[in-house]
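Following this line, the structures themselves.
Paired with chain B in one complex and with chain C in the other, chain A is shared by the two complexes that follow.
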Partner chain A sequence: MSTTRGEPRQFIARARHLAPQVLLPALSVTMLLGLWEIAPRLGWVRDTSIPPFSEVIAEVVDVLGRPGFGTNVASSAQRWGLGLAIATAIGIPLGTLMGRWRPLYKLVDPLLVVTYPVPKTALILLFVLWWEAGTVSRVGIVITGCLIPIVISSYHGAHAIEERLVWSARGLGIGPIRRGVRVILPAALPQILSGLRLAIAISIFTVLGSELLIRGDGIGAFMFTALDNGQTLTVFAMSTIVATIGFLLDLIYVQAVRRSLPWLEGDI
Partner chain B sequence: MSPAAVLRPVVWVWWRVYPFVVILALWWFLADRGLLGNRFVMPPPGDVLDRARELFDDGSLVDETLVTLRSVFIAYGLAMVVGILLGTLIGRVRAVRLALRPIVSFLFPTPKVALYPAMTIIFGLGASSKIVFGFSEAVFPILLGTAAGTSQIEPRLLWSASSLGTSERQSLLRVVIPAALPSILTGARIAMVGAIIGVFLGEMIAGSSGLGHMMAVAYRTLETPDMYVAIVTVSLIGYLLDRTFLLARRSLLAWSAEEAP
Partner chain C sequence: MIEPATGAVTQPAETAGVPKIEASGVRKVFSSRRGEVLAIDSIDFVAEAGQFISIVGPSGCGKSTFLYIVGGFVEASDGEVRVDGDLVTGADPNRGIVFQEFVLFPWKTVLGNVTYGLARQGVPRQERKERARQLIDTVKLTGFEKHYPKELSGGMKQRVALARTLIMDPDVLLMDEPFGAIDAQTRVVLQAELLQIWERTTKTVLFVTHSVEEALYLSDKVYVLSNRPARVREVIDVDLPRPRDPEAILGRPEYVQLHKRIWHLLQEERSKHVDDPG
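Moving on to the complex of A and B:
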């Protein structure tokens, strides 16, 4: 963009630069939702397979008000929170130790490489055989699902820190445990936090996937029961709600990290 | 030869088989002691291997594996095409980036499993819905990797290309994509496993064939060894594809400083 002199010209130039930033996203979202609305109404797609957007939104409001919805969300959230917390409590120390102590890395890393492509969510069927369809299986599958990204990111974080930091801490006579908590963990934090962001997404996937494979309570079961009963509108409403919850959790996490650790640079 | 030189290949091989040895030993130990349940719930590796051989001999294991592989490759191929095309547009064209940003940033962190029921209604119970599941898991890592890579290209590379007479369209293929390749391939590796997980879960939820269906049926009919055969097979496929991918990546990026995985 050419630099122009004079206030009005500058204003116009800036407006010209900013207008697409506001207009284009609004336009594309409006077009997408508009297409979703009119395609079933004009018969481009059958409204039994894609109900119009406005009807889905009305159903979203209705579903949110149903008494069963809250309790199902609560039981899913409980499994998710507990599983993620335990995976974090195991994964961060393990990964950090791997980053600082080579033999542990040599022993653990090959196991992670081999188990990484296993579809963890499917293991719920085996967990149920071993431990029945209770809390142990439900929480265990979440831990299994999101442990690897936490370990790997903590490893990378702890492995890549400036050696000088560790030397100075050692030179100041700080013991190994305090060194880990006060020096290594903070230095590895950016990587650990991006691993946690990934773990949040994977753990939600695992909760929902395991609930749909082994029904019972929980939001995943609620959603797939609607599918089995042929309640198309409810299915679309549930998909919209759950997708939005996943999006919001990610947004909240990123904002919370940015607010509480303003010194972090780059992407989370 | 010095003893160290003799030992080196042995050590190399050991670290390659070591994880499998550990997993099999642990599995055998748990089954032998009955720590997770009886022989029915937790058959030892030998029983599962026998069952796998039976299923291999009657051809059903090969058939189900081929069904799953076919869906995985179609899903992955589509995700590569769409992800690289859209990702490059997002990375290089400001208007596209602005227009697609809200949609991509909503869909990327969303657990795609939330959309499975709606996609099942739209795409039916056949193979196409499994392909769509695999695609939805695979496309975003590729798309975001490509967008990140193509948007951070050294302007000097493009200036030199154009001063040497390369047209804009040519420099896209000769400069932009190669320079973005490390980032594209990082996304593509995650996407490979994503495609497998999406297809496998899809087959478990509502399928009539494939390894996922085999596992779900075995659970319902209590043919527990079949469940182990299915999940071990799909995991091995994932492992082999992941290893192959890393080898291909190494030769593709031999010129790059970012070759290290």
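Moving on to the complex of A and C:
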């Protein structure tokens, strides 16, 4: 117990080990934030285009207290959640089935190949044309953006399963449907979860993109209005908030997966 | 003919005339993009109830494929396999299999893996737990019930795999190089434990291995297969008294003779591979 305090050599060794892991990343981030703070103050950039970091942080606190903020975040969150949920509900079964049943893969794969390189935000205008500038278009774009990574990761997960694992289940007398749900799905889960993590990042991006283009309400619209009014500081503050939300969501997701699935090996 | 109703249905009956496992003319052709590959030319095979039979052969000769055909996991291109006189058409819990790669369910604990098959058979929870406890004790994993496979060593994983198969109380145990991926020290221990289990339960075991020593130590009979495409090169009876001591057995003249014989056969088969580019 007392060894850590009693042995300075060990402490130094640990510090030396920690230095590259903690200090170096902290150094680069601090330098970036420092530059952000100093550049506008020294007149290297105009503070109307890039306000100093400390002012942005002050504005973040202010924005969080504004009445319009909560409702806009709520409507963005709704679209985000709905889109991601629908993409997950379609993507995981579709991808998993593709991984286990060749004809379905052959049927769907060309569609993925063709649609994969299409920038999903470019589809927003078409969606508006078809379904008008409402919830359907916005949720639709989130689904479109998230579906492909979820389908592809589920496909790879199900396809790469050790065949003898499935045989083991067969040997224990487990029928085909039960094998699909209770053996193939969990065996593919590590890769499915990686795809889902990617989809979470994409979903935030697509929600924001749709709101920036369609306007109406939501975080994106809130930002655009601020830009229209020349409130650069608010735009920066909102960007910081969105980035933080994205970061936290990813962190929470990874931690939640780790805790709920203690059997997982490696990273997701 | 009329047996008393003892309820011992799972015990292999000493039915004269019908062997436990009988394979005749088993042939296997694999089709791939590059054409057809003949993996097994023709195998005839007989195992009496309660026998421990090893199958040895050069690497890639098709001995595992033959085991998968007996298990019902792979379909033969020609010929048939019968167990207790019934044609094998698919996998069955009565023919348990253990693979070299362990392949446990990684999302299940040791206990969850072991009881997995029973849950599907509608065995009551309490009985499941009791049987699992006994088997976990048999494979010496008591205290590790709540561990996940990722927390176990190779040898421990294989013990779990063995328990998971044994809990179904299969008549036939199919083992595909089960100790091939395990370190030499642990292998010796597991071999001895397998023998103990086998002697207690009188199961029929088909054991694929590339180790002549392992085959001789464990088996009643050794099937030596030819190089690919597999044929039965020779069937060798191992008349060494049981229980066998893995160390003492090495000095017995019969053992040395058999070892020499099998080694020679395998060497011949391997050298054929060099001459034959197919």
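Convention: the second predicted complex is superposed on the first by the 245 of 268 C-alpha atoms of A that agree within 3 Å, B and C clash if a C-alpha of one lies under 4 Å from a C-alpha of the other, contacts with A are read in each partner's own complex, and residues count from 1 in each chain.
The definition used in the following text is that a contact is a pair of C-beta atoms (placed from the backbone, for glycine too) under 8 Å apart; a residue touches a chain by one contact, two chains touch by 3 or more.
The model shown is predicted, which means the values in this text are computed figures rather than measured ones.
**Student:** Using the superposition on chain A described above, determine whether A:L189 touches chain B (first), chain C (second), both, or neither.
**Tutor:** second
**Student:** Of the partners chain B and chain C, which touch A:G173 in the superposed model: first, second, both, neither?
**Tutor:** After superposing on A, A:G173 lies in contact with chain C but is clear of chain B.
**Student:** A:L165 contacts which: chain B (first), chain C (second), both, neither?
**Tutor:** A:L165: touches chain C, not chain B.
**Student:** Does the superposition put A:P119 against chain B (first), chain C (second), both, or neither?
**Tutor:** A:P119 sits against chain B, while chain C stays out of touch.
**Student:** Given the touch rule stated above, what does A:P110 touch, chain B (first), chain C (second), both, or neither?
**Tutor:** In the superposed model, A:P110 contacts chain B only, not chain C.
**Student:** Where does A:P262 make contact in the superposed view: on chain B (first), on chain C (second), on both, or on neither?
**Tutor:** The second partner, chain C, only.
**Student:** Which chain, chain B or chain C, is in touch with more residues of chain A?
**Tutor:** Counting residues of chain A touched by each partner, the higher count goes to B.
**Student:** Would you tell me which residues of chain C are touching chain A in their complex?
**Tutor:** Residues of chain C touching chain A: 68, 71, 73, 90-93, 95-97, 99, 101, 103, 105-108, 116-117, 120-121, 148-150, 161, 164-165, 168.
**Student:** Please give the residue numbers of chain B that touch chain A in the complex, ascending.
**Tutor:** 15, 18-20, 22-23, 36-37, 41-42, 94-95, 98-103, 106-107, 109-118, 120-122, 193, 196-197, 200-201, 204-205, 212, 215-216, 219, 224, 227-228, 231, 234-235, 237-239, 241-242
**Student:** Of all residues in chain A, which touch chain C in the complex?
**Tutor:** 162, 164-165, 167-174, 178, 183, 186-187, 189, 261-263, 265
**Student:** Residues of chain A touching chain B in their complex?
**Tutor:** That would be residues 20-21, 24-25, 27-29, 32, 49-50, 106, 110-111, 113-119, 121-123, 125-126, 129-131, 201, 204-205, 208-209, 212-213, 220, 223-224, 226-227, 232, 235-236, 238-239, 242-244, 246-247, 249-251 of chain A.
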